[in-house]
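I have a structure I would like to understand better, so I am pasting it below and will then ask my questions one at a time.
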Amino acid sequence: MELTIYLAGQIHDDWRNEVKKAAEKRNLPLNFVGPQENHDRSDQVGVDILGEQPNKFMTDDAASSINNFRTKLLLEKSDAFIAFFGESYKQWNTAMDAGLAIQAGKPIILIRPESLIHPLKELSNQATVTVETIDQALDVLGYVYE
Amino acid sequence: MELTIYLAGQIHDDWRNEVKKAAEKRNLPLNFVGPQENHDRSDQVGVDILGEQPNKFMTDDAASSINNFRTKLLLEKSDAFIAFFGESYKQWNTAMDAGLAIQAGKPIILIRPESLIHPLKELSNQATVTVETIDQALDVLGYVYE
Amino acid sequence: MELTIYLAGQIHDDWRNEVKKAAEKRNLPLNFVGPQENHDRSDQVGVDILGEQPNKFMTDDAASSINNFRTKLLLEKSDAFIAFFGESYKQWNTAMDAGLAIQAGKPIILIRPESLIHPLKELSNQATVTVETIDQALDVLGYVYE
Amino acid sequence: MELTIYLAGQIHDDWRNEVKKAAEKRNLPLNFVGPQENHDRSDQVGVDILGEQPNKFMTDDAASSINNFRTKLLLEKSDAFIAFFGESYKQWNTAMDAGLAIQAGKPIILIRPESLIHPLKELSNQATVTVETIDQALDVLGYVYE
Amino acid sequence: MELTIYLAGQIHDDWRNEVKKAAEKRNLPLNFVGPQENHDRSDQVGVDILGEQPNKFMTDDAASSINNFRTKLLLEKSDAFIAFFGESYKQWNTAMDAGLAIQAGKPIILIRPESLIHPLKELSNQATVTVETIDQALDVLGYVYE
Amino acid sequence: MELTIYLAGQIHDDWRNEVKKAAEKRNLPLNFVGPQENHDRSDQVGVDILGEQPNKFMTDDAASSINNFRTKLLLEKSDAFIAFFGESYKQWNTAMDAGLAIQAGKPIILIRPESLIHPLKELSNQATVTVETIDQALDVLGYVYE
Amino acid sequence: MELTIYLAGQIHDDWRNEVKKAAEKRNLPLNFVGPQENHDRSDQVGVDILGEQPNKFMTDDAASSINNFRTKLLLEKSDAFIAFFGESYKQWNTAMDAGLAIQAGKPIILIRPESLIHPLKELSNQATVTVETIDQALDVLGYVYE
Amino acid sequence: MELTIYLAGQIHDDWRNEVKKAAEKRNLPLNFVGPQENHDRSDQVGVDILGEQPNKFMTDDAASSINNFRTKLLLEKSDAFIAFFGESYKQWNTAMDAGLAIQAGKPIILIRPESLIHPLKELSNQATVTVETIDQALDVLGYVYE
């Protein structure tokens, strides 16, 4: 049984590659989807497709509408959802997308460091499982196949 | 027609009172609900009700389960949802609750300062309306009654 | 049993008053809700609340977000939906709102002149009832109370 | 990942072929579905299948029921929805189908010329993305695969 | 706690009055709603409101659209659904409305004579409760208040 | 695009074979599912699987629970629903299953002879399309592929 | 704001009275609903209303259909759900009803003694809040009003 | 047509193998999914993946969150649900999961011995079919393919 997993979280480092490698190492038949990982492309996609915008708000709004199109479509296609939080960045997208996924009834794995226990306590309590590392998240996904 | 509005956002200052005063000034028949606004009570409610917990994770998890109970019940009772973001605090709860409300089909007003346009661009794009001040949010609510 | 009826359609003449008078004449316990009927206010509400916008697109987008907030909230509160089409104006809002209401499972009355049978044939076929006059629409609503 | 895209809009010229060519040029694994594109067949299908009808209303109603059957089935099968508006024709079907798709939670791309910003402002505000050309719409679909 | 009960079934005799009397005798705070009980009015309501129709199909279709409007609205308002089947009449409306109510998650009481056990076996199996008399149905409703 | 069609209706003659032949003649990629067509097996399946039952009610209830299991599972798997009514038999199952399918949002084709216009008028009005022959129903299904 | 709370759990002692007294002591505007608390009536209601049944299975099935009617109706009317588990009795009803309430999106409070941590671990993990005493459950409900 | 069946019930003996063998014997194209069947692994999976926990409650809660992740994901993937109850063990998971499946609209087969008729009467009444042996359950599944 192939499963599709949405990977929500910041796009400043390559944690999604670690997830994919950990899945390959375990030979799990998982497909991973998620947001645009090229940060500049993600911020500029509105301008790239629609042309120069008159101000910062419209530049951001145009980009976000296209990012939301991608997320809405891929989230609907997913069987489970991983939300990854680190100590940097605001990551409000990740938290909003987790809310969308919870309300849509998707099973959720939250990955967060111990230092974020307190600010993420309500999100952790609504996630299906909370772990601290990518390896633990993959162990949870692997458990579905045991 | 009375309406019930959920007020999501940080609980470190009294912005909800400003909302309520602005509603009274306009004579709008609105009921406001939201999370526990006493910060200490919100953090300690797990211990207050269930007794001392063995560690920080369980202290936080107990509190968050009771906070989530309140939010889940009151969000369901609400006709619209205001998400208020300021420059301080992580406010991941607010972003997650906005996601829950969006997926549940509630009309959403996002209040955020100009400085947060960029990090909140996807949330703003999914909100029904985005404004910058409490007064503007109340103007939007008042418009429903015109 | 009081019922709330959403009145979708153009806002250039006072057809909604005719609906209300026809309901009063029949002593029906109906509440009517709908979009902002002051056309200028409807077009300018974005600027009125959020201030001058840098261009025509943003002026319109700001107004429409606030109009959509009102529609989304009041449509959810409604027990039935009337879509009124005349020979003037594009009325794409009305057609979109009818689609929203159909998918949400609301009972729909379509009012349209004979001259619009052809372009409205798919909408008419999905409406619960199609009539040609306001009086006929009120007869249908009155039938619920017989 | 193959995706199925519903193409809503007028059926008087061959804009859907442009969409398909633009997808082929980009090598995107997209399937396109939509309404009957032969205008005469679309208008006459009720008579073609059910035989002569006694009047214009029944001719139109019979055709529209079969067109709605096709739309309802194919819309449900679609992963995303494109609504294309031009300056001619009433296109109320397109606006209603957009409403059905929005309420069903499908991601929506609205294609409309600059001249229609004002009359389509509420629909644009509820679409996931708004663009002005077919090429831009395909750029958005292509972005999902980046 | 007042409850609203939809009474589906034939409209050729006054069984609904028996239901109402049985509720009064038990002092149950129940509101009963249902289809138009005047059979001629039910069949002629299309013509009464929309005027003479060109043929039998359109006469029936016009009436049925108005009857369906009433049913759709009142069924949505109901807390429970009674389907009453007797030995006469086709009663396909009743069976269809029972299907609509089951799929909508309403609690259902089926009243049917012993002689109809076989042809109603699948409907009986999907109803929440099956009884043989109006008094038994009211006993079931009364049990909710014990 | 392969489609699965549920064929509801009486199981006393082989009309489903006519449907299948008409689909083959048109080369349509359709899969047909439906109830058990062996009438004796359908009535006796409760006893066949669960053993002799103490009375007629339990014999029928056991059979109907297994028939409902099959219908519930296959209806969920279907893309469209055909309800076939003839002049014989009570066919309350068919009407109930049509109600279940309508409420579940499936596109519905009703096949009924002219003589049943009146008793099926409300069901016809809620069906997506109404036709009089199997060939017409297949023409409608074929139209989806044009 | 008055709230309605469903009280699921065994009906062998009067724990529901303790709940009501604890609510009164705190002056909380709560209405409590739940299953029939008279155990004999609950077991015999099928026979009481429908008459003697031919065997134990039918006696139980008749009673359970009427109990399920009551639960289905009252659960739908409830804003929150309390599941109370003690050390005696199988209480499979309570666990099933908790599953129904969780899937329906109701906020859930689980009350269970420490000795049942292990066998109720999955249910506890899906409940919104888990407590050990009735007083703690009422503290949680009271927290909604703070 | 391949179907996926969720097998809920205790994990102390190998009844699931009997189910699989009975399916193979009948050549039914069924995939079976369900909870972790290694009891120790099921109880220890929280500790196995997340490390030693400070107390029994957290050990159980960690395990249950991972078990619930598996169940939530696989239940969503299933076309039907079998709940197997024996005379030993509390099996509250099974009853809760049956409630989740019923509310999600899945067809349910309950397998239970005659001795459990009384305590499982409400669950049996809400299941789609109730049988006493694994062979009977497979007969029901086989009936879908006849």
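Each chain carries a letter (A, B, C, D, E, F, G and H) given by its place in the written order, and its residues are counted from 1.
In this text, a contact is a pair of C-beta atoms (placed from the backbone, for glycine too) under 8 Å apart; a residue touches a chain by one contact, two chains touch by 3 or more.
From a predicted model like this one, the values you see are computed outputs, not experimental measurements.
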Could you tell me which chains are in contact with chain C and with chain D alike? A, E
Any chain touching chain E and chain G at once appears in the list F
If we define chain centres by averaging CA atoms, which chain lands farthest from chain G? Would you check? D
Which pair in E-G, A-B or A-H has the same interface as C-D, with over half of the contact pairs matching by residue number? A-B
With over half of the numbers shared counting as same, classify the chain A/chain B interface as same or different. same
Using mean Cα positions as chain centres, tell me which chain lies farthest from chain E. A
For chain B versus chain F, what separation do you get between their C-alpha means, in angstrom? 49
Mind checking the centre-to-centre distance between chain D and chain E? Centres are C-alpha means, answer in whole Å. 39
Measuring from the mean C-alpha position of chain F to the mean C-alpha position of chain H, what distance in angstrom results? 31
Can you list every residue of chain E that touches 2 or more other chains, as numbers and ranges? 57, 65, 68
Would you mind giving me the full set of chain pairs in touch? A-B, A-C, A-D, A-H, B-C, B-G, B-H, C-D, C-E, D-E, D-F, E-F, E-G, F-G, F-H, G-H
Flag every residue of chain H that touches chain G in the complex, lowest number first. 56-57, 60-61, 63-65, 67-68, 71, 85, 90-93, 95-104, 117-126
Using the touch definition from the top, list the residues of chain H that touch chain F in their complex. 1, 3, 79-80, 105, 107, 109, 128-132, 136, 139-140, 143-144, 146
In the complex, the residues of chain E that touch chain C are 31, 33, 36, 38, 41, 45, 48-50, 65-66, 68-70, 72-74, 76-77
Per the touch rule, the chain F residues reaching chain G in their complex are 54-55, 57-58
